Amino acid sequence: MRNKKIIKPKISTKKGKPPGSLIYMGPRKDVPITIDYIQYNSEKYSEKRLKKFSESTELQSEDYITWIDIKGLHDLALIEKIGKVANIHSLTLEDLLNVNQRPKVDFYDEYIFIVVQILKFDKETSVIESEQLSIIINEKSVITFLEGNSTIFDTLKSRMEKTVGKVRNGSADYLAYSILDLVIDDYYEVVEKIGERIEEVEEQLIIQAKKLAIRDIYEIKRELIDLKKTVSPIREIITKLEKSDSPFINEKTRLYLRDLYDHAIQIIDTIEQYRDLTSGLADMYLSSVSNKMNEIIKVLTILSSVFIPLTFIVGVYGMNFKNMPELEWHYGYYISLVFMLIISILMLLYFKWRKWL
Amino acid sequence: MRNKKIIKPKISTKKGKPPGSLIYMGPRKDVPITIDYIQYNSEKYSEKRLKKFSESTELQSEDYITWIDIKGLHDLALIEKIGKVANIHSLTLEDLLNVNQRPKVDFYDEYIFIVVQILKFDKETSVIESEQLSIIINEKSVITFLEGNSTIFDTLKSRMEKTVGKVRNGSADYLAYSILDLVIDDYYEVVEKIGERIEEVEEQLIIQAKKLAIRDIYEIKRELIDLKKTVSPIREIITKLEKSDSPFINEKTRLYLRDLYDHAIQIIDTIEQYRDLTSGLADMYLSSVSNKMNEIIKVLTILSSVFIPLTFIVGVYGMNFKNMPELEWHYGYYISLVFMLIISILMLLYFKWRKWL
Amino acid sequence: MRNKKIIKPKISTKKGKPPGSLIYMGPRKDVPITIDYIQYNSEKYSEKRLKKFSESTELQSEDYITWIDIKGLHDLALIEKIGKVANIHSLTLEDLLNVNQRPKVDFYDEYIFIVVQILKFDKETSVIESEQLSIIINEKSVITFLEGNSTIFDTLKSRMEKTVGKVRNGSADYLAYSILDLVIDDYYEVVEKIGERIEEVEEQLIIQAKKLAIRDIYEIKRELIDLKKTVSPIREIITKLEKSDSPFINEKTRLYLRDLYDHAIQIIDTIEQYRDLTSGLADMYLSSVSNKMNEIIKVLTILSSVFIPLTFIVGVYGMNFKNMPELEWHYGYYISLVFMLIISILMLLYFKWRKWL
Amino acid sequence: MRNKKIIKPKISTKKGKPPGSLIYMGPRKDVPITIDYIQYNSEKYSEKRLKKFSESTELQSEDYITWIDIKGLHDLALIEKIGKVANIHSLTLEDLLNVNQRPKVDFYDEYIFIVVQILKFDKETSVIESEQLSIIINEKSVITFLEGNSTIFDTLKSRMEKTVGKVRNGSADYLAYSILDLVIDDYYEVVEKIGERIEEVEEQLIIQAKKLAIRDIYEIKRELIDLKKTVSPIREIITKLEKSDSPFINEKTRLYLRDLYDHAIQIIDTIEQYRDLTSGLADMYLSSVSNKMNEIIKVLTILSSVFIPLTFIVGVYGMNFKNMPELEWHYGYYISLVFMLIISILMLLYFKWRKWL
Amino acid sequence: MRNKKIIKPKISTKKGKPPGSLIYMGPRKDVPITIDYIQYNSEKYSEKRLKKFSESTELQSEDYITWIDIKGLHDLALIEKIGKVANIHSLTLEDLLNVNQRPKVDFYDEYIFIVVQILKFDKETSVIESEQLSIIINEKSVITFLEGNSTIFDTLKSRMEKTVGKVRNGSADYLAYSILDLVIDDYYEVVEKIGERIEEVEEQLIIQAKKLAIRDIYEIKRELIDLKKTVSPIREIITKLEKSDSPFINEKTRLYLRDLYDHAIQIIDTIEQYRDLTSGLADMYLSSVSNKMNEIIKVLTILSSVFIPLTFIVGVYGMNFKNMPELEWHYGYYISLVFMLIISILMLLYFKWRKWL
């Protein structure tokens, strides 16, 4: 996630260009561009893949809700043509091409523009990947621009095709709400994965003091920082949508947006909670490292303390002075051994008393 | 508490389903479902356990306040039937089935919907358990949905049966207030238990430096984080209830809600205070670990420092050089012993002067 | 302070009772209950101790301001009787009996209810003690309920008796202001005591590194946390009083309340400042511990480093090999001594160069 | 700074006195009291030192702006007389005598009362000294009360005398603004001095690891805490002045107050910035201490590790067993030396491989 | 960056001067002063370098937008003359000369005054340099004052000359917006550079534990603190511009300002994120230092622990007692060696069991 987006917002490559000029700045230039054209109402659902986007494509059918689902952003000519047909402001086009966009909503007289980041936990590489999703809401149509080839819409589309549910009976803004609901469901999944990793690290710290835990903790912390930056503007977006007096948001949909708002708050709360837990884990890790060092130093100290005086004594009787009466004693050797035994016992008793053993 | 709810919000299992579809996502599928049907006014109190919920069940009696107390959420057919009879929005049903719901209040034209988490300190396992409680307030009825088989209502019910107090004379919203008061009383108990554990850890740190204190501190910290997430939305809920212009909240009840608000604030304040104390304890623990290490290293240093030079000296007189005049001296051995004694006394005096002894 | 109040809010002992029921939950059941009945105006001041509170006690004399000063809360019958005579709401009575009450003000149509905690620094035991004070303000009367037998009012009463000052000429709300002023003066004293303790710890850390300083710092931190919880709601109380449109607050008194507000802010600022200082002290303490350990380890290292190679050398010449030519040399012993001297000088020069000496 | 003011707010010495009674609580009872009486307009400037303040002193001349500059506060009779002549409220008098006053502004019908703390960096003692300055603004006059004998006004007075600038052409509130501007200029100087000390400590930490740096850091931290408490209320004061509808603030002056506000914000920002830097320095210090200890321990470990096995070997050949064939070998001694050399080289290679050398 | 501006706000050199007096306080007195006079509309673009600024210079042409681009601030006479011609308030002139100005916007009846800091990452010295830019917006003209000789405007000018884009068709406020857009683009570049440095430090910490990492971390932290102080007021400036009812801001430009606002927020978010990451890095560094010390101490302990008992044993048999039977045994030497081998194996097994190996 961070490698692509957050650490390096490559906006500076646009330097020297006038504001409002269209440049695709993302890395995904190899994604095949697809345009899916969907029309539905409560009675009919049709989906076709367009070869090319012609200027006569119907965007505001009275009878249907039209959803144009575009994947891949690197064909500037296409984007410009869509912009022209759908009457999209150049600033909006610029924003949807800038794949490091902070999530936001903009209200224009002609449409509502929402840009968010969708997240995906890649099970194989254990990496969180992000992709920019832009949504343009009109009275009778929704246009979505996905940066890459995410399959996030697949379940929604097949559900819409198979069953006549709320979406099929709903208006364009309800479709937009359903899409945002998918996005937030993916956030839940990502948060859950991080929760699992926190539990793993917790277990590692309690059962065995794994050496690299701090790196794991830092990784988690970093992902939470990234995640917060991605998720927290969502709250504001939904609030603005709910409170707006835009004609494109129906009264009925506001109730669902309020529900979505609760979900967003819950995710943000959980991220905050995880950050607190993570810093607690770091403390616990540092303390376990400290304790271990303590333990080792204690062993060293006890061993040294017992043997250093003894080694001195044997050194004394290893001296080569001519006149050392003890050396001549018949039981001198044994007396010295007993003496050293007594000393070591006294030392150990002292350590016992100091609670070091 | 956390194992069930907070670390793993299992909402992602709902993925692929349309928003608003009813799925029970909690673990308590084995709780027997019970429906208690209570009707009361200042003159009468009746309580019966319903075998099944029929569509003709009276919900809005003019003469009585009706309280339907449902325990267990895993029978979706039942929940849907109640929803239909009581005219409950599908989003509300979805929320009450989602047992990881963030506490909140929603105002509908037909009812007020409150969802909170009740907490229980299990004395045997020393674990804080949570259960979701949903309350639907109508003009003449209250419906409560409990996730599990908590006995939280028992004292309230027996009090209502035995004595004609404020609840029996009150309206439906006063019953709801009494239920929230029970919930907050349980929070007090949980906070008190954590306060006792903080005192225990404090004592451990002051009297004896227990090795695993940091894990206890982390546990407490974690419980406080969980607790805060559960309790802090309560403040907002009560404020919204008090300030709302909903016809289901009587003027008289607002006074009591204000009182409840004070209680909620006090609990939140105490949680904050405990978090501060806990971080202070962690500092004190780390410092006591440091001090102990210091102590041990000091002993090692003093012993080594005294004996290392002496061991060198005895080593010198253990050398086998042919020509070492001292070895021939008659009192050489005794002189060397005295010399070493003087050196060790000087070392100890130096340590005394450095304040290490 | 904390032992009584903050760590253990014993509200859970009320569990199972209906909200609004009267129970005294404090520890001070042995305080003798006294009722002082004071009437004054600019011309007259009378004070008498009532044997019992009769229902005919005059509370709203037109000519005098009446102050009823009640100490001790454990006689529930008395409290209830006063409540009935003075027309006090049951929630208010509950609050004034609950001695763990968070400081607050409630405005009723019939009176203003203020509850605060008075603090006292006990010079003998060095402990901060708290006692709950409830004030009920009416048009022509003030009723105060003290939990214990504090003498906080003594100077005020004797001043009122002796001199005809602002209080004697003022209204009931000015008396209440004067009482709050006394309470805040006591806070100043307590804050000052903590300031003195911070200075003591500072001195200990700078002059001598006292071993148990961290416990003192933790104690101070804990008292500041408790203090903040007690003092910070005062700000809100005074603001509410000043801004309220209650008929019991005269325009003239608002000016004095604003002054009181400044004092409260100053105390809260000082508490914040002390908390910052305290965390700075903890850092300094940890650093001084670190430094000391550093110092000790340095001595150990230098001594070991100098003697370990020398001890090796004398060991070499203590070996019993038949063929060791050096041992036969006439000046072998002296040469070895000089050699060792050179080595130790080189070692010391190296340490000097490393800035360890 | 802190010694006088912040650690010990000696307000408790006022205990037992009624609120609003006049007591001077500062330490500067030995400052000679001076009263300078200045009158000016765009044509004339006169300044005289009054022997005594008579009740007939003209305060509201129509033709001139009158500035009464009083230094020293310990003559209560004088303060009371001024209060009476200038119609100053007793609460104001109390505040200006209480030299630990939190900076604030109070609007009365008759005047505006401002109290601030002026700061002075004493170059000789390197101590920041504070003095309380109270300003009373009227339509045609300004009265200033300085606690001590600061010379802060000298440059302003001489400039006013010499040149007919904005102050001479301005109203009384412009004079007050000019005085506040002087005060804030002094804050800049103090902040700059602290900035220099931070740079010094930084340099000490980078070039040489000075042992007492943590104490310096703590001193700086403490001064920043004190400074913040003194400076941050200024922002509020200026905002209140600018937004007030008091007749004593002219429209033209508001523009200058806005400028002053920018300066205050800049100082507060810088203080925050310095606090962040200071905590960064503390981290760096602790890390440098850690690193040094690490370094020392490494040397000890390497030396011990190399020599301990060698010392064991020479010990083995120092044993006095009868039957030790190696001792008889002709080259036994040399073989043992080579063997020990090989062992020590292997040890050093191992340390090299572990990156310890 | 900091050396020039933030650590030493040299405003105190102005001390003793009246407020509003013009003094240049920056270090760049050697920058050659240039005045570029640009006039453009959608049809024409002309740029000429003025030798001197005469009072007859046309500032408010009806047909053209006039942009006067002044570089270098140390010629006070010039600044004053411009101020007089363009009708600029003396406070504004003072602010634009004070090169340590906090970024801000001021609305006057005659013009809008904006002051910001432009940042430049110097690739050769790796230092972030700042320069003050003041912008005065009028109905038909923009005057910019640059402190130094930055080339920030070059691309804008050449683009304006070559192509008739939005700027050429726009009003004076659109030119000002384009300039602010350039400034914020430079911030992106600086933030990106810091991001790269954070990545470098991260890599250093993970791959090799570089000794001086903490200094790098402190440097980054410091730059982020400085950066935040420079960038965060921008948000407020843009909000004020967007919300203002100044006649100099056209409705059309507000849309672009909103876009600029999003960019500013994104930069501020990234700075916050980097600060969090940086503190995480510091923790990781300290932990890696701790771990390394742990590692070293472990090796020391194991070696000492194994050899200290052995050395004692060989010492015993090096004693010179007459009567030591073991010494006479034929296999005594070998037995002792085997005995010592067993002891060392036992020690190692013990360490294995303690998980130290």
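A, B, C, D and E are the chain letters, set down in written order, and residue numbers restart from 1 in every chain.
Quick note on the criterion: a residue touches a chain if its C-beta (ideal position, glycine included) is under 8 Å from a C-beta of that chain, and two chains touch if they have at least 3 such contacts.
Here the structure is a predicted model, which is why all the values come from computation and not from measurement.
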Number of hops, chain A to chain D, where each hop joins two touching chains: 2
Superposition of chain A upon chain E: rotation angle, C-alpha, nearest 5 degrees: 70
Cα-centroid distance, chain D relative to chain E, in whole angstrom: 26
Computed distance of Cα centres, chain E from chain B, in Å: 42
Interface hub residues of chain C, defined as touching at least two other chains: 286, 290, 293, 297, 300, 304, 308, 311, 315, 318-320, 324
Overall pattern in which the protein chains touch one another (line/ring/star/complete/other): ring
Running round the ring (origin chain A, first step to chain B), the chains in order: A, B, C, D, E
Of chain A, residues touching chain E in the complex: 6-12, 14-16, 18-20, 89, 91, 94-95, 100-102, 104, 106, 208, 211, 214-215, 218, 221-222, 225-226, 229, 282, 285-286, 289-290, 292-293, 296-297, 299-300, 303-304, 307-308, 310-311, 314-315, 317-320, 324, 326-333, 336-337
Of all residues in chain D, those that touch chain E in their complex: 155, 159, 165-167, 177-178, 181, 185, 188-189, 191-192, 195-196, 198-199, 206, 255-256, 258-259, 262-263, 265-266, 269-270, 273, 276-277, 280-281, 283-284, 286-288, 290-291, 293-294, 297-298, 300-301, 304-305, 308-309, 311-312, 315-316, 318-324, 355-356
